[in-house]
Every structure is written in structure tokens, then in C-alpha cells.
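What follows is a pair of complexes built around chain A, which joins chain B in one and chain C in the other.
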Partner chain A sequence: MAEASYTVASDSETIGEDKSSAFPEIAIGIDIGTSQCSVAVWNGSEVELLKNTRNQKIMRSYVTFKDDTPSGGVSSQLSQEHDLLSGATIFNMKRLIGRVDTDPVVHSSKNLPFLVQTLDIGVRPFIAALVNNMWRSTTPEEVLAIFLVELRVMAEAQLKRPIRNVVLTVPVSFSRFQLTRIERACAMAGLHVLRLMPEPTAVALLYGQQQQQSSHDNMGSGSEKIALIFNMGAGYCDVAVTATAGGVSQIKALAGSTIGGEDLLQNMMHYLLPESQTLFKTHGIKEIKSMALLRVATEDAIHRLSSQISVQIDLDLGDGLKINKVINRDEFEEVNRKVFVKCESLIIQCLQDAKVEVEDVNDVIVVGGCSYIPKVKNLVASMFNGKELYNGVNPLEAAVRGAAVEGAVASGINDPFGNLDLLTIQATPLAIGIRADGNNFVPVIPRNTTMPARRDLVFTTCHDNQTEALIIVYEGEEKKAEENHLLGYFKVVGIPEAPKGVPEINVCMDIDAANVLRVLVGVVMPGSRQPTIPIMEVRMPTVDDGHGWCVEALNRKCGNTQDLVTVQKKV
Partner chain B sequence: MAGTLNLPIPAVSSVRSFSSSNGAPTSSVKFLPHQCRASMQSFATETRSAAVASRRPASLYEVLQVSQNASPREIKSAYRSLAKIYHPDSAPHRSESEDDQDFIEIHNAYATLSDPSARAIYDLSLMAVRGRRPQMSLSAIQNSTSGFYTTRRWETDQCW
Partner chain C sequence: MSVGVVSTCCLLSCSKPSSQVHGYLNFHNSMSRWRQNRTVIRCCNRREKPRAQHNYYELLGVSVESNAQEIKEAYRKLQKKYHPDITGQQGHQYSLLLNKAYKVLMSEDQRRKYDESIGQMRVRFGENNSPLGYSTWNGPSRPHALFVDENACIGCGECVHFASNTFTMDEALGSARVKVQYGDDDQNIEVSVQSCPVNCIHWVDTEELPVLEFLIQPQPKKGYGVYGGGWERPANVFSAAKAFSKQLKTKEAYGQSSGETTVEESPAQAQARAQASAEINMGGFFKLWKWVKETIGINDS
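== the complex of A and B ==
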């Protein structure tokens, strides 16, 4: 391109990098977990995890607010215990990002040792750290951005080059709105997101690379291998089924839920001190200290239960509140029975969606912080008839290593040995559709559709002479529209007056390989091939903060006057 | 199903050509404005979508570049090797001049042909179409399926 051109990036886009340099910049892989984070990069021949100044590869994901300068767990050598007790440390933000204050996950975060306040109206929760006896407000995006900056500084110091492009791993159950909030946090940290990868698909990519390498080594036939990946961290549990051969990994199905180590911890805290919710409600300095003490002790007990059969807990929470208890592993497993049942159901659902039988699975890969819990390993293994779990990956490093490989692949790096000759064919983790047929959610793109994807569905008016139609786009699996994640809404106007059921309103959804969703709506009258009004194209999600209000407001304003119904299939 | 055929959104070809000519699908930014325009244009221009349709391969087997009696294994490996070429993530490694085959199309073909029952029904529909041509002999199978899939357009293939 000889002549200079000036372009304005679309408002809904993040700014892309100009790839003009001769040497492509290798994007780094970042895993920002609920409790831990790490960075890895393809160093030309293999993946290398970067260490901080304290020689740690895995760092805690928290930010401590002190006076004016917040500092994260990456760089600072802080007495974490002390700051945690004082209410100045904010963590678990990956559980809260992009959620409104009516979300049960936000409510369960209210006993964290800092302030999480809800008004229960569908706006973002108020989050604050206690600094010098003052509540300093913050947001999940800001907290994530602070340690993303620290990770970036750390990587730039070691790689001796500016870092801009990143591949991040995200939970499967994240809505597209939550993904935009992660992108926002990255933008705040000066990072450009090349790809957001569902965590188990990053592991799948790593597995695909390993399979390709081993088939090179022994000149194997390179036949297809199917793996189930179970990833359970502090905040989320994800499952994926992948089929890999010749470096091409096809994600056959994904399943995920907001359950993780945090739930195990909450359940245990509740078990040890059932009245904790009411005791700590006021969030005074004393209460925060007690909450933090209870939290640290319980977390430690759960960790020890991974190697011991029972642990003794002796805890003085102040004000004469003491806990002296012996907890054994059976008790722990019973208290958290529901969590483990949910894990099983995710695996079953994922296998069913992938149309894969237990016997067809060649490898079972269990990763994430919770994979150290004996019960988790056992429950997964027992679902596969006691099959030995795959031991080719480090449970805590697999996701970030996969992200680093994707970073190299997506940056267009070539490897002379073909180690980057890889491709991941992704699938949509959640269905995307619109509200129609009353208050139902009608998926246009079902979950586990291969990406890029393009599907359309025809709807029609439900009133005579209806000239306007409201398109409300949701993402999720629930039958009732409002129980899903709202992505956006817009109105189609100028539908020709006609009896109900006559105009054909074609809703097309398009997801490209970069996971960008566009919704196109066209109106056609019978007998014509031409759309009667200009087609509308909307890039989703369009919703912003506080979107919990929106649907209620729309209902109040429009009632059902602009509703749609699906066109019955003519058999 | 009948309804979905009316607006096939011929963005199929336009999306592809733009993403490949840019050669950088990883930065989603660049081709968005073009794409909206292109998809609307092609929507409006019947002639263009007709031209696209005429270039379409005759059968799903042709899409995957395999023979009609290919084994499931052959179909699988054909899909993977085509994915390596035509998946938008692989596009940077590919020259622009190549034919603009769409990965979604390839995947749809694979989805049908890799499912034994869907493949059987599709094979029947193929025979039905050929059966109606005078030079082809009518088979017993064709009789049993007449009225099931009387016509076969690319849109019907997309609906699997």
C-alpha cells in the first residue's frame, strides 16, 4: 500500500496493531487465574515460563492498596497475611468481573475480607479496599489491570522488548460481556488481546502439540486421538473434549461452570462457623480481620487435606470466638458433595455434546489448582473406569503454556521442526439467540458449534400490522430469556404492514475465527427475494455496565408489542 | 426449514475474500467495515449471489475433495488438511490468489459426511437428483425417496 490512508476504527473495536515490522512480535501467553497468575512465551524452540524477581513462576493474583500506590502479587514482597487482615488486599476479581449485583456469585463474595456491596438492582457491585481506615473504591477491571501491568513489566524486563500482544486464557462459562471486560482490563494495562482462549482449549492445544511431536518421533500413523480435559481452578471449572491429529485439534465440546476452589473454601468456612455471614455483616476493621483469619486457616486446612487424612484447626477469631476442630477428609468431601456432583455432571454433559463414549477417550487430562485434591482426581478417573490420568502436563502450567503456544501460532511464527504447525478449531461454549415466542430464549447458534460459524433462523411478527420488532440478543443455556446473559438489543423498524405471521424476519448470526459476533437482521415479504428495508448489522455485545436494568426497562416501555415468534418448520 | 432458505446471507463469499486479502484475521479490526458493506451489497445484488452459486462445487464430496466412496478415515483426514489451508487462522500462511473456499462450507460438508446416518440420507438425495436427469437410470432407492428431497441446492446442504 503506497498511499497513506487514515482509517477510524469502529467504536466497538479494540485498536489493532499494525504488523509492519519485519520480525513478527511473539505474543505472550497469560493465565490470569482467580487466585494465581503466570506468564509464558515461546522462546524459539519451546515454551518458557517467566519468573518474577523472587524466582516464582506462579504468582498470586491480588492487589494491595496502600496510600496512593497499589501493588500486585507479582512484584511486591509483601507480608500478604498482614495486608489481607487489614482489608487492603483485593483478590478473586476474576469471579466478579462483568457481573451485576443480582448475580449469586457476587452475593457469595460478600464474605471476602474487603467490601463487596450490592444494591440488588442489576448494576455493578461496589468494591472497595480499606486503606488507612478509608474505603477506597475500585473495580475488577482495575484490579486485573494492575497485575497485568506488573506481569507486563516483568516480561519486558526479561525479554528485553516491549510487549503488546497477548493471548489470555478465560473460563468457558464467561459470557461475551465478561470477555469485553477482560479486554478492557488489558487495554487499561496497555496490552492488545490477540486471542482469548477458553482455558481447556489452551490445554488441548498443548496436548495436540505433544501428540504431534510424539507421532513425529516414532513415525506413528498420526491417527486421531481424543482427550477429555478437566480444568478446575479457584474460580471456575471447565471441561473440553478435543480430537487431535496431525497438529489439528478440533474442540468437539465445551462445558463450564462458576464452581471451584473458592466454593470449597466457602463451604468449609460455613461449616466451621455457620453464623459467619451475620457475624461479619458490618465489615468493621475487627470483622475483616476475623474473616481473613478464618479464610487463611481454612484454606490452609484444605491444602493439607490433600496429603493428610485429617487436620486440626485451632483458631482464635477474637472476641472470645474460638474454633477448635479436627476435620477429616471424609467430612470435607461430604460438605462439598454438591460441588463434586456438579463436576461430574459437567463431564457427562461435555461427553454427550461431543458424541463421544467413555471408551473412545484416549487420554484424560486433569489440570488446575483443584486437581491436587484427591477427591477430584478420583471422581474423574472413576468416570473413565479408573483410567490412569495423563501425566504429560504440569497441572498448574498447562493453560499458560498452551496460551504461549497459541501466542506464537497466532503471531505467525514458523518453527523449523514443525512444532508450531498447529491449528485449533474452536467451538462456541454457549448458545447465542434472541428472545421470541413470548419470553423464551431461541438459540440461533447452538452451543458447541464449530467456529467460525454462521447460522440463520426466520422469525415473524406476532401482531397484525406490526411495523417494529425488538431484537434482544442473549447468550446462555436457559429456557427463559432473562436467565441468560444479555448481549444487546436493537429495533427493526419499517416492517411493511401485514397480517401477523406474514413478514419474514431473518436473524443471522456470524462468529468469525477471532470470535467476533455480528447479528444481521433482514426483513423479506413473501414472494420477494429482496429485503424490504436495509439490513441491520450489529456487532455484539453492545450492553454496558448496569445492563441488569435494561430488560426490565424494555419490558416496561414496549410490553409485548414488538415481540417475535419463530416460524414453524414446514414438514 | 423452508424459511431459512430465503436469505442465505451471501456474506459467505464476501467475508472470506476480505479476510484472506487482508491476510490478518487475527486482528479482527481491519475487515469489519468492509465486511458490513460487502455483505449488504451482495445481499442486494441478486446477480452477484447467483454468480457465487454457480461457482459452487456440485456435491459435499467435491467440497472435501474426496471420492464418493471415501472411508470415514479419509474424510476425516481430508477435513483436517483442508482446515489447515482454509481455516481463517491459517490464512496468513496462504497466498491470496487461491480459490475462495469457505471453511464454514468445508465444516458443514464434514459435519454431514462424518455422521453415518446423515451421510446415508445425503447420498440418497444425491441419487435422487441424478435420477431425475434423463441419462441416469432410475434406481429403486430413488423411488423410495421421491418427494423427500426433490431439489438440491447449496442452501439445502447448508441446512444439515
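== the complex of A and C ==
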């Protein structure tokens, strides 16, 4: 089935594509991080990172709204970092995209130096930049799209060809709904998403390539290697266990959470100025400036703590509010103890899911901005009995390089030296299932299932003569249905009247290698080999904003009259 | 009706992914590789009954005795050929099957259940549960074992007369065969060995026994029209066994150096695997989807 694309290509573009079919267009890799981003491309023999006009390979992810034209961190020249925080600059969009205003992550973003307003009812948060003393509203998708356009223009100028296909890295913990938002942002920027790759799996691909190259060099010994990849950036922390041999990287397990450098920063800001929440509540121009100053100073202090034991912070926030403090590394680690504990638990969970023992791990790879923090490095190393960490990758470039390699592989590029003779076999980071047995979440495809995946489960009616059944699809790990991410819902009608428990309602879920989820539902009556009504096929997610509300409305409307129960497996 | 359609379309989509895939230039190379290597003996064919029996083992191209490492390597190799990342959407169906087969065979529990369900007993060399054609052991394993060179045997039945628990007559082939190693006491066995008029009963090393017993079984011979066909076995089973063991060893040595122990498949085997896919697909609910998809004309496979 042809991939549905959002963009409408103009005539000239179509011709361009035809021409390039002999030489397939190489998709570029983009790592669009919470605070930083980069672009890389396979240049025919190796991965090359693209630089902006200021000769930077790694650019800040932000967009400044000024008068009419917004400009992003790729092209704009900032005279002073404080300008970045004048209220007109929006950043951290990767933390906010696809989240509703009841989400704790959205609430913790409220002390960013721009406007994040919540109604706390489960709708989109209101986000706005201060332009000429006016709040100009925007959305995370729009900000990302502006940013992606700049990246695209930069890449097109350097590669001297139009760019359409991209491979983007995404956090493991992103829900499918969030992934659609990223796709939406790309579509707005005129880009077609070839693959959305969980960040650590991009690193795994790069690692697989390196292992294959080194095994070529010493003539074989293509033995299996198991690596644990720990990726902690500004917004998210991801862990993956990969088994690689002969250029094939099999992702054994994934784990991820919304913790990162931003949490460290906020904890430190709270530590330095405990009353900041109430002080900055009004979001006036003055407060934004103070918030920004505090933010910049704290970030700088954290960076310096990576190489120093202690730092002196002298800060004048105006209105007689001054901070003079010496912070040492132990304090920093104690303030953020919970974050580090969470990191540990993610690694433990990932190892358990992969059924891999600590001793079996050949290489431990720590990447992402937070990998420069000594505590993070020590924490991971100590979990592997002080094992030396893998040093074959650049912590800030690993993900984007992996994405570029995937871009080349998925574009069907061949390398005469076998450097692209690679494959990543992905796994599903979250379970997908439906609501059944009352309000329970019944997974059909469990988490860490190898992709492509297809599973089916049989359900049945829970009332006599029940002719309709509501299929509500969720994604997540929680027992209660509504605590998971809602993906969509539809109704099966025309079930023949029969006592409860008789009709077999078969729910099949299919995820292809491009991570497209299809839910199929068929009804079979016992004794018949054929479905009684046409099978329904729905591509998920179908939900738009206002997730939880729909289900509440459905519950009000239908009660439990259209519920399903699982059928005990016949042995 | 629908069965035929499905298997054809699966055959197309599985065995010839190159036809619709652009940019995957490597495929033709791999085809020629298949041809070069197709004469290599593959273990999984050896006890195959004439009826077509397709299963997860064949899908992965591994023997029923293969260990986790071999399965893993075969799986990765096939994924590298057929994964949708490489072959596009056509690879989806096939990749799904590979994942399924891999999952079942990699879990000791599920594999045992699956083996039972297909009536396939996993035989390890030297174990006691050998089916027809292989001798079983009475008592503990010993360094030497009895072997009847059925090529030389004239079917006199003397050995069966003296040691009826050890030897048996294969009525169809008209030759004697060891049924149970050391089935009678040593004296009777010795007498029966001596009694053979053509001296076709041999004492062999226990390690060599499985290979010899495998090779002595008549294998179907390839026919060309009205010529050929029928059954054949090596004229000199002992030299054949030596050659076979040597081949196995070089294969292992090769496998260790390059990390590849599975043998490239021949086009015929690829086709068999495609058929296996089709058959496995037909089970249960999948049939239903297929049926509906064809009826209402959705075609995404």
C-alpha cells in the first residue's frame, strides 16, 4: 500500500524525483533534540555532518519570533544569549509536542521564559512568544516546522539538490500520537518522513556498522556482540539493548522516560531559588527576564560542574533579588538524586526485558548531552562493574550519524565496500492493545516485540444479543486502560444476535517496518470459517487532540453495553 | 479456490522481491551465490519424507537439531535479504513469518511444543530416541557399535537368527539392519557377526555410526524425464562417510572463520520456503484476512 503523504508535490518536484530514480535520493538524517540538533548525510563513502553558515555542526533548537518572520537557531545570529531569553524565543518543543495540559511535563515547562498556559482539562496547552509586548500564539508543531525548514534550506544549499526524504530520531518514550505530531511538523516543512528512529537504535546501527567494519579489517570473527546504549539528552532518557552480528542489529529491548538535562536544570533552579514558581507566575516582561537570567546562569553552572568540583554563582535578578552561592558537585548530585535513580531503573528494566545479564554486555555506550556529566558516566559504569565505556562514538553526533546511515540504507543505496550492508531489526517500545474485561488494558502486541509484528487475540461479547462492540485502542504499559495513551476507537456493528461469549471477535494488530499500525477486527461465529461481517481495518492513531475526553464521552454515551471480554485460550 | 491464489501471490512476493524493488542491486549477486553453492549437502533434508513437509525449520533453512546460535544466524541472514527495509513493503509478510518462526524456535519451551505439534522429534547424535532407520541403544553407550553394510548384505537372515533382538530384516530392501545396539548378550552378537557369509557386519566407532546410518539409507535420486529416478545409496558407504565427515569439518572451520554456518539455499529451497510461508499463512485467522482482502479488493501484500 502506498505510503500516505501529506505534502502535495509540485510538477517540477515530480520530474526531479523521476530523474533521481536511477540514482535514488539519499534521505538525510536529522537529530532534532530538545536543546540541540544536527543534520548528517551519507556522502557516498561515509557520514558527513552538515555545518551552518557559522560553521557549527551542532545547532541550538529554538525559534525566535520577531515582527513578521520567525527565525531559528540554524541561521540567526544571537548577539547575546540573554536575547534568546527575552520571551520571544521558543524552545524545548520536543518536551511539549503532542502533550495535553494535564501532563506533568507540560506543567514543569511553565517556568520556561515564554508562555505555557494550561487549563488542566486535557487539551493542548497554550504556547506563546512575546513579540513587541504581545503574546503571539504558536504550537510545538509550528516551531519545529520553522526549524526543520531552516535545516532543510541549509542542507539543500550544501548538497545542491532538493531534500525531501528524511530519517528523524525520536525518543523511545514518544507515544504514537506524538510521532504523528512529528510527522505533521515535517509535512509542514515539506519533508517526507522515511523513518522515525528511536534515538538509541540509531546509535545501535552506527555501532553495528563499526563492528562490521572492524570485523572486515581483521578478516572475519563476525561473532555476536551485545551492547547497551544509554542516551540522555536535554529532554529524554532512552536505553536500548542491541545484539549485532554481520551488520544486523537486533534491538532486544527499549526503555525510555521523559527525564533529561531539563529536569536537572529545573531541580537546580528550584534549589537556587525555591520561591521561583510563585515569583514568576505573572509572566511579565520583568519576570521573564529574571527567569531567563536564572536559567542561563544555572545551565552554565551545570556545564562547568562537569569539569570542576564546585562553581561560584553570582546573579542579580533585579528587584533586589540576588543569588550568591557556591555549588559543589555533591550538592548537584544530591539535588538530582531522583533523576539518577530513574536512570538506573531504566537500565535495569531494559536488561531484564532483553533477558541479558550484565556480564553478557560487550560494550556500554553512553551518548547524549548528559553523558558529559561525571555522575551519569559513573552511574552507568558502576552498573557494569566499572567497565570502561565504549569510546568509538561522539556522544553528541552518534544519533544523527546513525540516522544518516539508516537514511542511506532505507533509500536503497549500496556501498561497494559493504559499509551499508546493514539492517536494524526494531522492536516496539510500548505495548499496544484494547480495552476489555471491564476497564482493563489487554495488550495484543506486547512491548519489545520484533517489528514487523502481527498478533491477534480473540475477544467475545459480554452481553446476550450484543450486536455492537466498541474497540478502543491504547498504547502503554499500565493495567488500567485510561492510564495509557489513547490511539483511537471504532465500533464493530452487525454482530449476529447470540448468547454472550459466543461470537468470536478477532482483533489483529499489524505493525510494518515503517512502524505503521493497522488494527483489523473480524467477527466469526462458531462453526463458520468465514467472517459474518466485513472486516474493519483502521490505521492508527486516529485521535486528534483532546485525547482522554473522547473516551469519557463514549463511556457516558454507551456505558458498558458494547464492551468486550477476552476469551480464555483453548489449549 | 482462494488457497491457490494466495500461495501464488505469496510465492511472488516472497521468492522474487527484486521484481518490484528498485535500488536493491545486491539481489542478483545473491542469486548467483545461491547457484554456486546449491550442491552442498544440507542436513535438514536428510530424514525428510517424500511428502512435502514445510515448517519453521525449513522457513529458516536450518535443521531440526540446530542450536540457538545457528537459528539466530540463519534468521539474521534471511532478514537481511527480505526485511522490508531492504525489499520494501513486499518483505512485510515474509519478515513477519521469520519473526514468528524465530520467536518460537528461540524459546526452548515454545520450540518443544512446536516440535510436538509438527511431529518432529529433535534427534541429537548419540541419544536414545532415534526413529526408523537408526539403531537404538540397549544399555549404556559403548565406544563401538554394530553396522550392517546393506550394499553387501545378501539378506540371508543368519544374523537375525542368532541375535533377533539386535538385528532385523528390512523386507522392502531385502537386507539386514541393526535395530538395537547390544540388544542381545555379547556372545550371541559375536556368533551372528561370525555367521555372516559375506562379512557385511562391521564394528565401527560410535561417533561414526550416525553418519554411516544416514548415508546407507536410500535417497531419492533425481530423475530426468523417463531416465533416472528411483533410489540410490553410496556404493562404498565407508569412504562416503569419511568424505562426509571431512566436508562437515571444513564447513565448520569455514563457518568459524566467517561466522556463517548455514549454507546458502538453492532456488528450489527458496521456493519450498515460499510455499511453507504460504501454508503457514493459511492457518487460522490469517486465512480470514486474506479472504476478505481478496474479496473486497484490498491488496497491500
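Please note the rule applied: the second predicted complex is superposed on the first by the 545 of 571 C-alpha atoms of A that agree within 3 Å, B and C clash if a C-alpha of one lies under 4 Å from a C-alpha of the other, contacts with A are read in each partner's own complex, and residues count from 1 in each chain.
Following the convention adopted for this analysis, a residue touches a chain if its C-beta (ideal position, glycine included) is under 8 Å from a C-beta of that chain, and two chains touch if they have at least 3 such contacts.
These numbers come from a predicted model, not from an experiment.
When both complexes are superposed on chain A, chain B and chain C clash.
Once the two complexes are overlaid on the shared chain, A:Gln530 sits against chain B and chain C alike. By the document's definition of touching, neither partner reaches A:Lys160: not chain B, not chain C. In the superposition on chain A, A:Arg556 makes contact with neither chain B nor chain C. Of the two partner chains placed by the overlay, only chain C lies in contact with A:Ile413; chain B stays clear of it.
Applying the stated contact rule after C-alpha superposition, one finds that A:Arg539 touches chain B and leaves chain C untouched. Overlaid on A, the two complexes show chain B and chain C touching the same residues of chain A, namely 224, 245-248, 250, 409-412, 423-425, 450, 452-454, 456, 506, 508, 512-514, 520, 522, 524, 529-531, 534-535, 537. Per the touch definition, chain B reaches chain A in the complex via residues 1-4, 6-9, 11-12, 15, 19, 24-30, 32-33, 36, 39-40, 43-44, 46, 76-77, 80-81, 83-84, 87-90, 92-93, 103-104, 107, 111. Against chain A, the residues of chain C that register as touching in their complex are 21-26, 72-73, 76-77, 79-80, 83-86, 89, 91-92, 95-96, 99, 102-103, 257-260, 285, 287-289, 291-292, 296, 298, 300. Contacts from chain A toward chain C in the complex involve residues 1, 21, 24, 215, 219-224, 245-248, 250, 409-414, 421, 423-425, 450-454, 456, 506, 508, 512-514, 520, 522, 524, 529-531, 534-535, 537.
Those residues of chain A that touch chain B in the complex are listed here as 7, 9-10, 13-17, 19, 194-195, 224, 245-248, 250, 409-412, 423-425, 450, 452-454, 456-458, 504, 506, 508, 510, 512-514, 516, 520, 522, 524, 529-531, 534-535, 537, 539, 567, 569-570.
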